[in-house]
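Next come the structures, one after another.
You will see two complexes here that share chain A, one where it goes with chain B and one where it goes with chain C.
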Partner chain A sequence: MNILVPLVFYAFAAILVAASVMVIVSRNPVRGALFLILAFFCSAVLWLLLEAEFLALALIFVYVGAVMTLFLFVVMMLNIDKLPDQEGFVKFLPIGVLVMAVLVGLMIMVIGPHHFSLNTFASHQMHSSDYSNVAEVGDTLYTQYVMPFELAGMMLLVAIISSISLAHRVRRPNTRTQDIPTQIATHSEDQLIFANVDEKSDPFANVKIKKTKKRGRK
Partner chain B sequence: MIELLVQAEPLFIDVLKILAILIPLLVCVAFLPLAERKILAYIQGRIGPNRVGPFGFFQPLADALKLLVKELILPAASNKVLFSIAPIVTLAPALAAWAVIPFDEGIVLADVNAGLLYLFAMTSLGVYGMLIAGWSSNSKYAFFGAMRGAAQTVSYEIAMGFALVGVVMSADSLNLTTMVMKQSGGIWHWYVVPMLPLFVVYFISAVAETNRTPFDIAECEAEIVAGYHVEYSGIAFALFFLAEYANIMLVSAIAVLLFWGGWLSPFQGIPLLEQTFSWVPGFCWFFAKTAFFVFVFIWMRGTFPRYRYDQLMRLGWKVLIPVTIVWIVLIGFAIELHLPPWYV
Partner chain C sequence: MQTLPVFSAASAEILTGIMICVTLLAQTFLGDKVKQIAYYLVQISLVAAFILLARELYDPAIITFSGMFDDDAFSRLLKLSICAVSFFVFLYSREYITEKNMPSGEYYILGLSSILGMLVLVSSYNFLTLFMGLELFSLPVYAMVALQRKSVINTEAAMKYFIVGAIGSGMLLYGISMFYGATQSLNFADVAKVVADSSAPQSMLLVFALVFVVSGVAFKLGAVPFHMWVPDVYDGAPTAVTLFISSAPKIAAMAMALRIFVDALPGLVLQWQPILIVLAIFSMALGNIVAIAQSNIKRMLAYSSIAHIGYALLGVIAATDEGYSTAIFYIISYAIMTSGAFGLLTVMSRNGVEIENIADLQGLSDRNPWLAFMMLLVIFSMAGIPPFVGFMAKVAVLEALISVHLVWLAALALLFAIIGVYYYIRVIKVMYFDSSKAKQQAVNLPLDKNIAISVNGLAVLVLGIFPGSLFGLCLSVVHTGF
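And then the complex of A and B:
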């Protein structure tokens, strides 16, 4: 095995853990979001080491490229520079510790040492160079899991339609809005007057101004 | 120790390969602003830069020297760390993406199976440099520029992705070398023929992704001074500039690989011309085609006025995305019916 693989793994795993901690610890929400992006990026690299290149690259361009961009967009617009200094930290500490204890206990039960240690799994076999992770993922998704996959697609479609219908603004009668088709359909003849400038007479005396048709809005 | 050196040998060769790509790329990127200034000058009936060297040929060196010796200014109220890493975050993905670009058959640094996905992931990372630069500058103009740029990039990425889905369906692969080889057999086999609308959508989205005229509202001089990099000076500003030109070349190269037959000769399959031009190596065709699209980018800048923000969003969401979806369905039918000569 190449000496680089463990080197890359430990480097990115360390950055991943550090970045994840910083997501929680950092006061500034923008910095928190940026550390979350770093964490996504590092986990994508770890997936690449497992030869799951489709998942790794999909993680980068879906989560890092699109979701986090919008997230960062909102956080930057919110104008909250810093969270209030540990307000209510002591007050909520007992409940927090309790919830944490329950969560950690559950996690130890489910993925504890006897279920999740090294000897419960077969060691990772490197695939041959003609192995294509993209084709494998495609085959599995469209044969074995075709129903859940299509259902997930339908759910997303419903979400898209509902969010569009929430944000859709119907043009009300007494508001002034830009009617873009009319703007694009304008012609230079409606906007410009070409006139011969004569010193003696009024240049605009004989010019007929072609009026734009007023388009009524309901 | 010797064992370690033996293991390090392929690494050393890889580094040499990386340099063999990066150095010509950076030279091209350095001379592209000169080409742009010259072409724009001729479009507008001017001469352009002609003081430094013959025909102003050494102008980029003079510019680089000027930018290097200029003072780097850190705005007092900015976020210093983010302000400093923003130019690097912008430039790094623009250069890293070149790792999977095949210049000729077999001449590629990393011939990965998911090459197109990798390209897409890298180009989508470029937006962070802009966002971080705009936010950390603590300036209203820079922030406006970053917001506009991010919204625009995210919107046009969808249209671009859908346009590329058509090519992936046709080639039945995400590997860029395979995609080019599927187009061999003559100029009528190139994917631009069955997918002209998708190519047009791709090219418009590419112009929008790189924030070039007519979609350069992120750095609109007349409204928001220079957009997200307004607070940058000296070499930090130059890095943004380099990233912009590297991205222009990258999206042109992707257009050539996916739609215009990559390194394949346009005279393939034509009896007399094929023999006459058989001595031209593949990467020359690749380079010539890429150079043409880079020229189109500059040509567009000299021709079109800037889009207004709402018109830009309307074009992206209401025109380009529906066009791509309809064409993807049509391509699906064409593949099912084995439409010659592309889908046999």
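And then the complex of A and C:
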């Protein structure tokens, strides 16, 4: 048991980091999205190790099940086969690597393991078997964190309003579109005309095509 | 044992939140029948929130919602000014929105949501609520910039604003996460306690976190070197949206800076003071000098806003109660001035005319003398010429600096202020002494706009001659509130 938990952690943490790198690096958007799913899956496993079962499942259901599926649909609909080569990638690579190396080096110096090592933090306490993650999450979410929770709801509303107002196109006046209620309310005699076919006269001379709009439902 | 939060402390926020939903429904179902329904509902809710806040201005401070929400005199004063300024902003922009065929319902509803975020941000007493408030106030603004979808310039400005804003939020969030790692808490009081008695190795980590938090705040304030979005967004956004961005969000961003530096990190004052000094000097220098080269009035006012943020930061740098109160005084008076200036540009952009360049104001004194006079008041005030409120604000900030022996900084600030006077006076010269070559018709405004502009312009004058009441208010909220 004791050796199994670190083993699982390091294995999935390594896959998580590798998958995250691949999301950025991969040229093919579909492949990138699939790597993102893998990253979500690995972080769900890490959460399971912390006994956050509900959150782990929610991550898989919501992100992998719903969000990423939708995302994949959109990516496939857009039909982007491969992203074009980044221009100037090689040109900017040395300076980028240099800046990153300096930055990361300084950051490791300042916030190295002496601040966030296992000695500074109490190790994780295992809960008893009657511990319910769902109850704990619900309890804190609706008592202690009720205000940020409501604000998050407000933020989602704002996101809906803004995305609709940015994407919604007002229909122009002369556009031809389907009028579903009128189409349903049509009569058979509007759709099919019985006429005596006479060789001499024009069969459609007396037939007036009625406008279906004015006819009410009977 | 959990107790119920004191909901009455957040009455203005709850009212605003409910009114957002009501306005949204009303606009959807009654928008065709009742014209401008969203506008009226939003204005009513701003007035109601103002009254709610004004009634309890001097009530004792309440920290509630599990220590996440601080309803004190400081936050009430700033919320009052946010509501008042936004009321004027919506009043000015109504005709502009209608004429430019922008989706009016969305403009007002997104504006009100942004105001809700500002109210929460001003009252936050926890890094979590602070961040939520900040995001709720920035997100709608990004969409507001892009409301005219067909305009390429607007879309470009929105993209720039969104990306830079996201980087700023990311910086802030990274800093906050470091503070959480060092102090194991997000609550301002707990963070302040740990920071005050932290040992030497821990303090290195705290300074590291501080740098990121300061960068995030500077992004939102638009201080140099995190200013590059300001001119592009001010110029690229529709004037009505620029008016909104330039006024109330500045108050909210300054409140965020005060909350973080004074409420959460007073123990790091020796560390954040020099960083802010550098930010302030660069902002004042770059803002005032680059503004000289601008021929576009929106860009010029954008650089002027960068400079003004530098001056407002001087009050925070003083790190005394007087200093904080002068910072509040400065940012409130700046919001009044900038809403007046952009408000004038917005109301004049009518009948197909769009005020873009300083030259568009040529001969305004002949076309509408009263409007030109109001613009004169506002511009003089921005330049810091007595007896206007901008002068009083600058004097107060410099006095606070001198009282903590930062005389060299005060002298430098004065020097940049004198440089800045040049480009403000140029606008006045164009309005009064340049006769327009093209024949230009008189500018006539509806009555409500005339009254609002007059109130706004005269407020700059009256507050400058009698600054005592507002100044006393700022000082008392700092003494009681923080």
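One rule holds in what follows: the second predicted complex is superposed on the first by the 141 of 218 C-alpha atoms of A that agree within 3 Å, B and C clash if a C-alpha of one lies under 4 Å from a C-alpha of the other, contacts with A are read in each partner's own complex, and residues count from 1 in each chain.
Definition applied: a residue touches a chain if its C-beta (ideal position, glycine included) is under 8 Å from a C-beta of that chain, and two chains touch if they have at least 3 such contacts.
Computed from a predicted structure; not experimentally measured.
Contact with neither chain B nor chain C is seen for A:176 once the two complexes are overlaid on the shared chain. In the superposed pair of complexes, A:187 makes contact with neither chain B nor chain C. Of the two partner chains placed by superposition, A:91 touches none, neither chain B nor chain C.
In the superposition on chain A, A:73 makes contact with chain B only, not with chain C.
Contacts of A:165 after superposition on the shared chain: chain C is touched, whereas chain B is not.
Once the two complexes are overlaid on the shared chain, A:54 sits against chain B while remaining clear of chain C. Per the touch definition, chain A reaches chain C in the complex via residues 107, 110-111, 114-116, 143-148, 150-152, 154-155, 157-159, 161-163, 165-166.
Of all the residues in chain C, the ones that touch chain A in their complex are 2, 5, 10, 17, 20-21, 24, 65-66, 68-69, 103, 106, 109-110, 113, 116, 120, 128-129, 132-133, 135-136, 139-140, 142-143, 146-147, 149, 178, 181-182, 201-202, 204-205, 208. Across the complex, chain A meets chain B through its residues 2-4, 30-31, 34, 37, 53-54, 57-58, 60-61, 64-66, 69-70, 72-73, 76-77, 132-135, 178, 180, 184.
Residue ranges of chain B in contact with chain A, taken from their complex: 4, 7, 11, 82, 112-114, 117-118, 120-121, 124-125, 127-128, 131-132, 135, 143, 146-147, 150-151, 153-154, 157, 174, 310-311, 314.
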